[in-house]
Structure formats: C-alpha cells, structure tokens
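Chains: A, B and C, in written order; residue numbering restarts at 1 for each.
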Amino acid sequence: MLAEIFTNWALPVLRVSTPLIFAALGGMWCERSGVIQIGLEGFMLVGSFFAAVTTLYFSNSYLGLLAGALAGALLSVLYGFSVLRFRANQIVAGTAVNLFALGVPPFLSKIWFDSTGSTPPIPGEAQLRFLPLILTGLTVAFSVFVYTRTKFGLRLRFAGEHPEALKSAGVSVAVKRWQGVLLSGILSGIAGATLSTYLSSSFIRNMSAGRGFIALAAVILGKWRPVQTVLACLLFGFTEQIQTRLQGVVLPGSEEPVPVQWIQILPYLITIVVLASAVGRSRAPKALGVVE
Amino acid sequence: MNALEFRGVSKRFGSFYANRDLSFEVRAGSIHGLIGENGAGKSTAMKVLFGIHPADEGEILVGGKPVRIKSPVHAMKHGIGMVHQHFMLAGPETVLDNIILGHEPGFFGINREKARVTLRKISSDYGLSFDRWDSPVSELSVGEQQRVEILKLLYQRSEVLILDEPTAVLTPQEVKELFQNLRRLKDEGKTILLISHKLKEVLEFTDSVTVMRRGEGVGTKITSETNEDELAQMMVGRPVSFTYQGERKIFATAGGATRPVLAVKGLSVESSSEPVRDVSFEIRPGEILGIAGVQGNGQTTLLRYLTHPARFEGSSEGLILLKGKDASRFDPLSLRDAGVGLVPEDRLSEGLLLHQDLTENFLLGQHRDPRYGTRGFLNRGVVRTRVEEKIKEFDIRPPFTTVWTGRMSGGNQQKLVIARALDSNPDVLLIAHPTRGVDVGAIEKIHEAIMQERNRGKAVLLFSSELDELIDLSDRILVFYNGSVRATYARSEFDAWSMGRVMGGGEK
Amino acid sequence: MKNLLPASFRSFLRSFAGALAGFGAGLLVCALAGESPMKIIGILYRSGFGSGYDFGMTLFYTAPLILTGLAVAIPFKAGLFNIGAEGQLTIGALAAAWAGVLGSGITSPWIAVPFAAGLAFLAGGLWGLIPGYLKAKRGSHEVITTIMLNFIAAGVTSYFTLYTIKDPNSAQAETIPLPASFHLAPFSVFNGAPMGGLIFFLILLVVVLHQVLWNSVWGYELKALGENETAAETYGIPRARAWMSSMFVAGGVAGLVGLIEILGNSHRFKIGFSADYGFVGIAVALVARGNIMGILPAAFLFGFLQKGAASLDLETEKVTRDLSYLIQGLIILGVSAEGLWDAVGKLGQRWRSNAG
C-alpha cells in the first residue's frame, strides 16, 4: 500500500514538481530583490532547448544541465540590461523576453536539425535519472539557508523591501537586483533543462507550456518565501499528476472521459482567489517593480 | 571642541538660495537644536551635510577637520548618522536584521548570536532598554521603532546623531522617554543634533539652539539664556517681503449681517498621523479665514476632509454646512456643483497632470461642466477658447494651450490651478499654500487674485505655512495645535510673535 | 532643440527607431543563419505587397492585432496593464462560434453577424471585467490576474469545445461549424484571402474609439486617472468605474477577434487558433505609444512581419516563421528601453558638441 502510494503518487508528483520548484525559487529571488519577473517562461524555454541540444551533442546530460542554466542566465542578462540598465518597464520587457524565447528554439532547430522546433530524441542512457531530484533537494535546502541565514539573503530581501535602507547601509541596490535577475535566469534555465532531459527525452515546441507562469503563481501563493513557495509547487505538481492520471479515464456511471480541463486551470484559479482575498495582497515585497 | 561646524555654507537652486551663508557650531557631547519653520532650509542643510547636494560655497568641519562628504554612506564613515522622519526600517524583517544590515558579523552566514551580544552591550551601555530583537519591526510601536533607529546608529558607531523632527510621530509619553534616552546618550559622550519646529521641546531639552529662517541662520543661543518669546520672534521674524497694497473692501459682517457660506460644526476626523479634534468655524462672504499652524497639527487632514468628505465616511464626526445645506458626505464633484473651488496642498501630486497640456489640465474636475460639453462629450473648441482667455487674464507663460504643465515653472502652474479653481465662479475657495515654491513675480499676481475674489464677496479658507502670507491676506486667523483650534485672531489682533507661540503650543 | 519637437513626434521617432533596430537585429540573425539580407527583404516585400492575395493575407494577419492593440491601449490610458487580451479574445471567439449554434435558425446575415459580434463583445468584455473588478475592489494586481485568466480561458474554452459544442463529425478539437448566414464574405480583389469588408469596420472602430477617448468625458477620466491617480481622486474621478469600464471595453474589443477568425475564416472555433495575438497586441500598443490612431500602422507592421515570416518559412532554407517572435521581442525591448534613448541622446549631444 505504502509502496504503491510512493510509486504512483509521491515520486511522480516530486518528478513533475522539479521544474516548477527550480523556476519558482528563481522567481522568488528575483522578485524579492524588487524586480518583477514574468519572463520565467522564456528562460525555461531556452533552457530546455539548449539543454537538449547540448546533451545530444556531447551525449552528456550533465553538460546539458549546465547549458540550460547558462542559456537561462544569458537571456536573463538581456532582461536585466533592459530593466536595470535601460529602465524598460518590467512587465513589457518580461513579455518581450517571452516572445523572443518563443522564437529561439524553432529558429535554431531548423538550422541544426532541419525540424520545426523540436530536437531528435536523446538516447536513453544520456537521460537524467535521479540527479534532478537530488539537485532539487539541495537547491531547496540551500535556498532556505541563504534566505534566512546569510548576508546575501538579507541584503537581497532589503533591496526589494526597503532599498533606501539598504543604500544607506552602504550596499548597492543595483548589484543585489542584478544578482536576483541572474539567479532567476540560472534556476529557470535548469528548470527548463529538467523538462527536456529528465521528464522527457527531447525538446518539443513550446515545451514549457505555461509552467513559468505556474511557477510565478507559486511564488505569489507562497508569499515570496522559500518553504511556502516549494509547498505551492508541490500542490501544483499534484494537480498536474491528477490530470495525467485522469486523462481519458471514464468514471463509472458516466459515458464521457473526465474533463481534465477543470483540474488544469486549478493552479491559476487558486492564485486569483488568493490574490483577491485580503491575505494575498499585502505580502509582496514593498518595492517590487519600483525603479530607483 | 566642536563635533560639527557649518562655515558659510550656501546652496542655490537656480537663483533661489535654499541655504545662504549658514554658519553654526555644535559642541561635542551636547544636544543642539536646529529650529525654523517649514521651508526655512533645515532639510537642505542636512542634505548638504550628507552629501546629497554638494554645497556651492562654504565648508563643513567634522571633529574640527574640514571634510567633503560625498554620500550618506560617506557621512556614516565620518561618524554622522541620521534618524529620518520616515524610518529606514523594513516592516517584515526583524529588529536585529534591520539594525545589522550592511554590517552583519560573519563571513557568508550571519552570526546573529554575536550581533545580539554586541547589541545587548550597546543597549545597556547607553541605558536604552530593549529586548525584542527577534520581533518584526512592524509589530513595534512608533516609539520603539525610533529606538531601533537610534540603536542602529549606535551599532554603526555614529558619534553625531541627527534626529529629524523626532517627536512629530510620538505620543507625549514616548516624547518624554525619547529625551531621557537622548540625555543618556549625551552623558555617554555622543553629540545630538535635534531638528525641530517645536519651541517647547527645544527649550526644554537642548543645550544650545540655532534658528533658521528663509535659508539663513538667524542666530545661535545658549538655551538656558533664551526664552520662548525670543525664539519665536527669531523664527517667524518680521520684515514682510511682500505686502498686499491693493484694496481691502469692507463688508458688513458684524451682528450676523450676512449668513456664513461655510460652517464647520464640531468636526472630528480620525487619522493616525494628524487627527482633527472637535473643530468649529464659520466663513462669511468677503472674508479670508487663515488657517495657521505648524505642519502636522491637523490642517492637512482638515483640508483633505473638506475636499472629499465622502471619503471619510465612518472615520469622521460633525457637520459641514454649505450655504445652510449639509455637505458632510459630498464628493468632489458635488462640492464643486455646490460652489466650492479648490487649490490643493501639493499641486504636483494632487493638482496637475504633468504630461498633459494646459487644456487637459484646465479640464480636471471641470470635465463634467455643462459649459464644456454635453451628453458625455467635450466641446474642445469652447474649452480651448476659455483656456486662451485664462492665459491672458492670469498672464500664464508660455502662453500656449498645448504646453505640458510639467514643463512650466511653479508659479505658472499655480496660476493655472487657481484659474481653474475660479473658473466655476465658486462662492467658497479652499486654497492651500498658494505660493509654495512659486517665484517672486507670481506671488504678487496670486495674492492679487485671492484678494480680488475676497473683494467680490467670496469666502476664502486659506491654508498656509507662511505666517507672513496669512497675516497679509487674512481677515481672521485660526491657529491649529494638536488637531484643534488653539486660538483665534481678529485682524486687529494679528501679532506674529503671539501666533508663533501658540503654534508651538504656548498661550496667546 | 530637443524641446522644440512636439512630444508625440519624438515618441513616434523613438518607436520608429526601435522598430527599425529590432528589424535590423532580425536581419542580422538571418544573415548569421546564412540567408542574404537582400533576399530576405525581397521575400518580405513580395509577401506583403506582391499580389492582391498577399496584401489580403497581410490584412488578415493585421486585423486581430488592431483589436488586441486596442485592448491593451485602452486600459493603459487608465493606468492598467492588460496582459489578458489573449484570454479575452479566446473567450470572445468561442462566444462567436457559440452564436452560430444558438442562432442556427437565423438565415439573414444582417441579423446573424451582429448577433455573433454582440455575443463575442459581451463575452470578452465580461472576461476583461473580472481583473478590472478585482483591481478596483480587491486591489489585486491586474498583471498577475490577467496572466492567470489567460490560462483559465484556455482551459475553459477547450472544455466547451471538447464537451459541449464539439463537432461530432470531426476528429479535430473544434466546434460545430457556423451556418452560412454567419460567414463573412472575402473581397474578390484579395483573390481568396479571407479578408473582406471587416477591415473597413476595424478602421472605423479605431477612428471612433480615437474620437471617443479624445473627446468624451469617459476618455478624459481614463486619461486623468492613468496620468495621476491622486489628482484624479482629488478632483472626483471615480476610480473603480473607470478601471472596470476600460477593462470591459478592452475585453470586448479583444473578443471581436472572433469575427475575423471564426466568422471570416475557419467558420468554427479551433483550440489554439490564436498566434499569440494577445501578446503581440502589447507590442502593437507599445509601438503606437498610447496613440489610438497609431495602432493602425503598428498593427500593420506586425501583421506584415507575421505574414512575411510565414513566407520566409516557405521560401528559404534556414528561416522559420518563428523568426517573427524573435523580431517582435527585440522590437519591444528596443522601444521600451527608455534609458537606451537617453543614452543615445547623450551620445548625439556629445557628437554635436564635438562637431560644433
């Protein structure tokens, strides 16, 4: 019984939650530093594409993971330059990054593989098995530690909560925000990499499929705190798993398969309800989106 | 020895001197007061000290040595720290983290135990009892938050502590505690610079005091050798720079010859920062009623209430009668229809659309006026003609309807705001700080416009932090203190000294 | 010198330069992929204007972007960021398809088309009203709620498509086809491109909305609120009403995309029919810089680009239609990076002072 729950539910939920957890923690760091981050989706997409390509080329998925992180980081640098250096509106620039990222994989896959936006399958032996799970655990533990117990965490939080106080304490707000943006790029790049090299065995068109936005929803639901954010990711992972399990299932007494659409929209619906309730409003970092 | 010295410091913005040849000394180990009305140049002096604005002339000495301070962080390194009016504290974070920010012990991780030990020692050394290190700042009272700010400065090893209007937000008990604490800090060798406009506390708690007016230092006194009258006189000064020379028409107001246009009866408005407590007054046609008082004593709340009573439903009591009718739950549009014109307190944030042209700004609040449009649509031709007339009448420059108001000078912006307020031919005018940040030429024009309305039989409620201005224009003046009217002056009784005293909490 | 140019003209120049920069970067990317930029330009030109059919197709790509551009620009006047045009148009399009099911007995196109349009407007409008209401009454940030509502719209419409009004004769995920009275006829000059009189209706809509926003009390209130919330409140402009009404109109306008795609082209609702029109609408509104009339050329630019990218897909070895996403992203970044233009301005000043 216990073993069955583990193999049918606990492990699969953990598996599908990995990309969400990486991306959400990245988003949390970025928003904590005071920069709105709706570009997670784009970072994930380029991350998963380059991870797949690199894994294919070197037949090494560790390098693939690294390449995913790097690709996410590079795109986050573009975002960082736009919003931190050139003061572009963070929402507009985030949308731009997402559109841009939508175009990158098909454009390159045409050149490299002559395909319309997907990569050839990754050989089974190069696919990741347990590393992402372990990495998730380490990242969560490290994030919680950094968040509460380190100078870096404290200062980054102040950059989003009270930048003037940070400045008057002699710390550069811009540097903290750059670090937040970069962290979101790296972590969502890894999140993307797990999509193509761990949860499946190739990159397919528009692979992130809204997970970047679900991750953002988890950040909001988790009130911008690491543990709660991870819990929200697990909740969303759980709904995704229910969806998968119920796909095409016909319940007794019914003729049609169960409509999974209603479960699909749950994460988004929960987020709206939380936002609209009194609890959800006051918890965002005070200086989120406020440019110096 | 002097902990701090200003030597002939001047700071100009354009042709306007915010500080002019300012000199004063602060003895080490003393409490020094820096007092003056709003706009006297106190905060500019502090910004110069903290390197936010570089001085144009003069020099600043710290511990006897001339220094060029480039930034607040740089000032901190010279041992100068400041408790701002708005605290530099993040509400959700703990007291400890707020204090140690930027100077956390430890290499990568924070050694909070070590910080706690240091802070315990500091708080016992300086007699600042405090033990809620792990509470979020937002759970602390305002007085406690202020103590956290002071602890932060001590943790950063500041020798000179500057407190900007520290009592503005405190209860009387907290004020007492604060000054006890400051005395202890002084006894331990710290230097304290207290910026204030409250005469009483300066007299009671400082060793010496420098008075500022219009950007200049009026003089420095040993506190024990001066008194309230002398300081008030120095603060509000006399020679008035602009006096209204025109007509002041006499209206028969005695014995109820005219009915009040606006009557406020027993008005109380809740507010965490500055409540209004049981205020009553009346204004009659052809009368300017001046509202005086040090900022934060209820005037702003009163004005906010009068411009939008509906917003205060549930947090206010009392009655306002507009030409005899109850207007206590009106919104701005119904007030306007009932004959009220408004010149708001802060024209930039409340009065103007800075990225829109004169015409769009002229329409603000008037966009539903039937003269300017019918059935939900604006008649832009009529509006434009009207604005062109107003430009001529008020000599607004540049004289084009298509100029963004954000590109105009303060004086011309204010002329537009006043022209707009007068356009509906209101019977009551609520005018706040009409000449704040306005150039000399425009001041005269604005004063004339206000007097002209008065002479036409309009009632004007005039809020101003410039006592000169109120004395010059008003027929009567109410002095606010602590949310209520502390004294009323008829024009024949006008006396700047006396008013200054009352503003500081003294007796008429 | 700088201040002598009217603000609107300078912002137009900025948009133009941003678009040009994004476009140039796109060409550069193509060159890196091994395609000659001259060839690309040639293909793009022919794709846009080569024949009546091509021009009609370009207009067909332009039309939804006019509507989504409006849907972003109108609430923006009141200071709201509508990221939800995608969801609003999906709901509106489904409503248009549903109108055909409900009104299957309607034989006159003069009744059928307005019926479908009304339903699409209403459905999209109500969908847009949700974030407007949440913002006005509950203080929920409209960016987050509209993003979430996009996904919810996708889920809800696919449910109705698959379970409620599914075409029983089709293996695809699509709704029951519309009766002929609901079809919009294309122009013969466009030689088969699915674009007809609707384009004139859209142009008229833009002109009317421009007039309404510029000349009406409603438009004035939106503008004042978007420009300065405190001043608007001081002078009695009702915030909640302005926010909710602007989002309703925006959602309704986005919903009209259903007319183009459903009534004009596929005659049924297909899951995932929108090529991110809602998001490109953000780019359109941005390039138009809040000027409602400017939405027409901006939408045409992006429509031209999308159509052109599709042609590049067919006519080149290396370039796919997804190039348009790359270029759109770059154009948005170019136009929105305020500081970039300050930096460019400073460079220009230095250059002038060196030269003079």
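Here is the rule we use: contacts are C-beta pairs under 8 Å (C-beta built on N, C-alpha and C of every residue); 3 or more make two chains touch, one makes a residue touch a chain.
Keep in mind the model is a prediction, meaning the values are calculated, not measured.
Because contacts link each chain to all the remaining chains, their graph is best described as complete. Greatest Cα centroid separation from chain C: this falls to B. Look at where the CA atoms of chain B average out and do the same for chain C: the two points lie 47 Å apart.
Computed centre separation for the pair chain A/chain C is 27 angstrom, with centres defined by C-alpha atoms.
Residues 72-73, 76, 88-93, 97-98, 101-104, 106, 108-110 of chain B are the ones touching chain A in the complex. Taken together, the chain C residues at the contact with chain B in this complex read 3, 6-7, 215-218, 220-221, 223-224, 227-228, 230-236.
On the side of chain B, the complex with chain C involves touching residues 307-308, 331-333, 335-336, 342, 344, 349-356, 360, 363-365, 367-368, 373, 376-378, 380, 402, 404, 407.
Residues of chain A that touch chain B in their complex: 145, 149-152, 154-155, 157-158, 161-162, 164-171, 286.
Residues of chain C touching chain A in their complex: 29, 33-34, 81, 83, 134, 138-141, 143-145, 147-149, 151-152, 155-156, 158-159, 162-163, 276, 279-280, 282-283, 286, 318-330, 332-333, 336-340, 343.
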